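Just so it is clear, A, B, C and D label the chains in written order, and each chain counts residues from 1 on its own.
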């Protein structure tokens, strides 16, 4: 017999659904039809695709599967807007998503409205299993909010005019943060992984024991100012600091600085963002660096990257809400570091590359059904990032949250916290 | 001293300018901002780019160079919308034209209006040399009208939904044309090339003598029905018919039919066009075939392609206006062949591949200045096509007109007229 | 002050040096100059290069650095035969190694003899640090022996004639081994990593604690017969079993079976080896499978791959010498599995893919100097393999030995042992 | 009834066969097994392949088809050593020819001896049609002699040691030739094409009329010294001189000088050849330049390339034997230009790029059967070269001889003669 939620839980879910859907829309509001359609690289998707795909997720896994008589908005959308769910059949090639000029972004907005209305109407009587899929769909959409931000930033950067998407005041001049302090981490047997008390993705569990060697974490992420020192010291030209694959990447791509950085004629660094081209803020955490760059920096600094177990055991007592996250549509920027005691900025501001490959925890089993393709099948060749960023919707991350990207990717808000052995 | 046009000639040029600019705009009218922005392949350009680049041509070579005090609409457009004029300096990479989501298509329309007003205002007092550039700009824009049509058709075909851009009635059923008759061509010494009595591109001259061997031309282009026979006879699978480069192309690309053709489950051929997906009309000339396919078909049929001198000497007495050309915005389609006497459809309907490589005529010299890059530098690796197509603005072609594409390209309205030795 | 070895230790090292160098030569004996020169793919090197590079290692790190007055055999060889030591300066591009037709393989044999004589002469008076480099050079050369075997096998497979390099009797028919038994592994805190009692590569340490969850290992590797069942069951066509990167690889490369397998017209599997094309032996362990295939097989079988800590803790009490290793030049083949009690064939026969990414152990520091580039810089994107293979020189591996390859690579003798959670 | 040759004609053919086969062998004599096996690029073939393929030609088209009871030397060779004859069935992939380490070059020499003996034995009783194939086979082998030279030169250049294949004295210092004189060419109606009085390839005919406009040819080819001026004047950096495809090629490949040229630290030019690395001789004709370079040079010099009709009509009265051709095995080098009257060095020294695309003559029909694939199918995208080079066996070329390569290719001995309109 299908279990149903209490009315109160149902209302909470409805509120969560509404706010998530609304955040996505507001992020896309300043986008023209063209902005929303073009795909800047195979790794990125058009904003219109994000808007539609997140709706397809609710339409397919909730409305189609759990709401009798639901009529799809448009039968062709399943083919156009499936992402990578093999179990859901044929789909449009990922690297050709930018060819879909029709439906327009306005039609996709209408699609969203159609799905929203159907979900809101269905929610009070949805069985528990479908409510969980709505909840999963909200988590899924939060991830796409972040991708929408990073993908549109990447697209606008292709335009020689480098247009700003959102007005934003210049960042206030911030004092350069004090030098990094080393905070001793837990040692010996610790438990990590999700403990089941709230929503989590399958890859965050099972909770399990890990043995930690003596180590310390840096009190804060590496700043732009420190990164400029690394560049000035020839960090991008010395193969001794680099993983072999990283060095090949640096040479093949001609990498000389973080993504979106460019020097003016006087050698001053500027960076592109959704607020346009601005001077680099030396006090803020560096971002848009790859794992290869993060690892090379750590090597140059005589340190290393933390493991995900070290990171999680240190983060488990901290409040995620203390961090800089995405609260509203607008230009997103990591906040300048303060010199507070203890571990600063573990949550928010920039995703922190760990030295851990993204692999399953002991006892991991992928979820059943199509949503089981969500995480497990990506567990090769990628590294784990932790903590969320200024482009992550607030409330989305946890201490156990595992993000993952390939070591050369850097169009997300990715940064570096150092660690070292004791 | 700068020569000036008569008032009458000036009015004629103004009228020509207005009608050309208006045709382009009307072709782009049904395009959304996204339709107008996306680039479907490196060979094609976004419609927005065509709209802007044709305006940049007038703004640069006429307004900037010949109208004192002209203020450019936007200083950044010179970088964005130059095509390949090395003399005009740096420009946006050709294969990244589709990344320019801003300016929007509406801003580009405003750019067009700005340039149009400035040209109309300047025309009465423009020196002759500038008037000639206005005239050249109109010719240039007519070429881009045709590219706009073929590029947008290519883009819409990438969309699995294959949307139609223009409503169009189904073609009336047409009788299958009678078999090809062989029309004997001129023999011995003939003159070809432009004789200087009206506008022509530099590559059309100088007029010069050519010695023709005895030969005949087919009375009409090859039809879709004949092409279907070639397919059914295994034409695409037998290397003996193909040029070596053509056979490599067929195998590498998996080519089995003209571009835009697809078979339904019953094996019936359909083709995509600006009027959507329709049944192939067996009576109409085949189109969207490459030189490689044209040559293989000719070999299969025991014939060959005409040389451009054979074609031009046969066409020189015919009236271009008898052909099917682009008169207004709308779906363009080659007309079904009739069985009239003599050479049919030499002009219009489909560009006819010749067997002649695109090389300079004896005594050719490229025009001076930036517009000298218009033709001469493309004279390697391409083949000449003659006669214009249903997507060519009426009035644009002449008997001496030389179009050129690489032998694998087929997104233009390209077809085949056979020839043979006598 | 330079420490020196005892005479006895020095003689042992001399014997080790002689036997290692001799094994390499004997493997290369049946190779023609052409066999030894051609490079079949960028991942592989010519046999001549292996012969020369191993000599360059001794010449550079021992003779040049520690033997006064040593004159290099040929000054140009340092450029030709350096592999990837950035600290050692410019070198010939890795993917162009097959272009070096001169020096000939006989000249390289003379180079070997020159270096051998110089090392043998120098050994009695070498300082301890140089003796350690000789020892490292022997380990290094053993690795290249294995690569020489796998690279030459790959090359000969490119030849449509598929020539055998070594005569070898057909394998005796072996009984199909009994079904896999599950052997419970250690649980809780274990120590892994090298304990310092003999030679080991830097990446094998430091020894450290790991917490193991309850699990079991399969009693033996997966056999060819079992793999044929996987193929017959559509294993290569069902995306649900595959990592996403693995599925892309299967489709892009058209993978349908292990490397070197081909079906005859009756559908019977044969495999190519240094003994030519032979029927697949269903009783022997499967080999030449990628991590992607190993992982997909495990998923299909309802199991998973072991972690390297699980593998090492199970192997630590076993005798490596019980396994099938490379003893002499000749065709190498994994032995058919027997049904012995306990864990069979942990050492030798086939390298066993683990589910562990190749990353540094806690406290890892790369060795100083050029030889510090040996391991650490490869620690991204690769997976660990354990146990050695029939192509590994006997005595080369230990329980702590970590081999590593990219997940798509399979020209080594790589196989699969299953594991599962308890 | 099969026609047979006179005894005298038969002996002449035998002598021609022997000398041709012997020349090839002598060219390959200094090659090691490795030299003869490696393929340096897809455009080139291993020397061993040339040795075998030329024998396969005789074995297949003469011995197999015309000598009853002939037993092939090795049945697998037909697959290995067919080149591009689609009618002859499946064959080894062209770009993998360098993977065939077995048979060895000595086995291929034995194959040659086997075929030679069989042909010599069969010759006296061969029917005329087979004699013509022997004659064609000799022509075919002469072409492969030249390719063998240019391919081995390309291979040895890949080796950082740049070994010389043949000893050769330094070229005697030669006086710089006097400036180019312009020699007026024929005007009006001329006949070109082979007139049938001796052997010719099918593409050289039919003989036909061509109308020539007034023009002149340069008295000699462009020299190395003149080319160095072009380089020094920035010729490789100025897009105005280049065809668009040529400019793309220059930028993509980083071309700055002819193939095989390199500057020493003092900026002096050296070039690699079969005699090793030598100073560039300013008095000798430039060679190893592409059509793109030839065309750019001509543009820079205010001239153009000759058409093939201009070239042939000028050459038709000249004696090919006056030129520098390949007489014996050894280093081949264009001779320094002399200042003789009239047209110098029309034959031999360097192939002269013409501005004519390689297309069929009026009335051309490919020969029947497999040998019909010899020429016609290559008639797209390539340009005609005339006159032969120092690497062409003496006696091989005629005034009507048409060689052809793609416009970017330059590993043949290709040079430039200028022309201009009058």
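As a convention for this text, contacts are C-beta pairs under 8 Å (C-beta built on N, C-alpha and C of every residue); 3 or more make two chains touch, one makes a residue touch a chain.
All of these numbers come straight from a predicted model, not from anything done at the bench.
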Partner chains that subunit A and subunit D have in common: B, C
Averaging over Cα atoms per chain, report the distance between subunit A and subunit C in Å. 38
Let me have the rounded angstrom distance from the C-alpha centre of subunit B over to the C-alpha centre of subunit C, please. 59
Based only on mean CA positions, could you tell me how far subunit A sits from subunit B in angstrom? 47
Can you list the subunit D residues in contact with two or more other chains? none
Quick one: which chain pairs are touching? A-B, A-C, B-D, C-D
Of subunit C, residues touching subunit A in the complex: 84, 86-87, 189, 208-213, 215, 239-240, 242-247, 291-292, 295, 304, 307, 355-357, 359-360, 362-363, 377-381, 383, 407, 421
Quick one: which bits of subunit C touch subunit D in the complex? Just the residue numbers, please. 32-38, 40, 48, 76, 79-80, 92, 96, 98-102, 104-105, 155-156, 158-161, 163
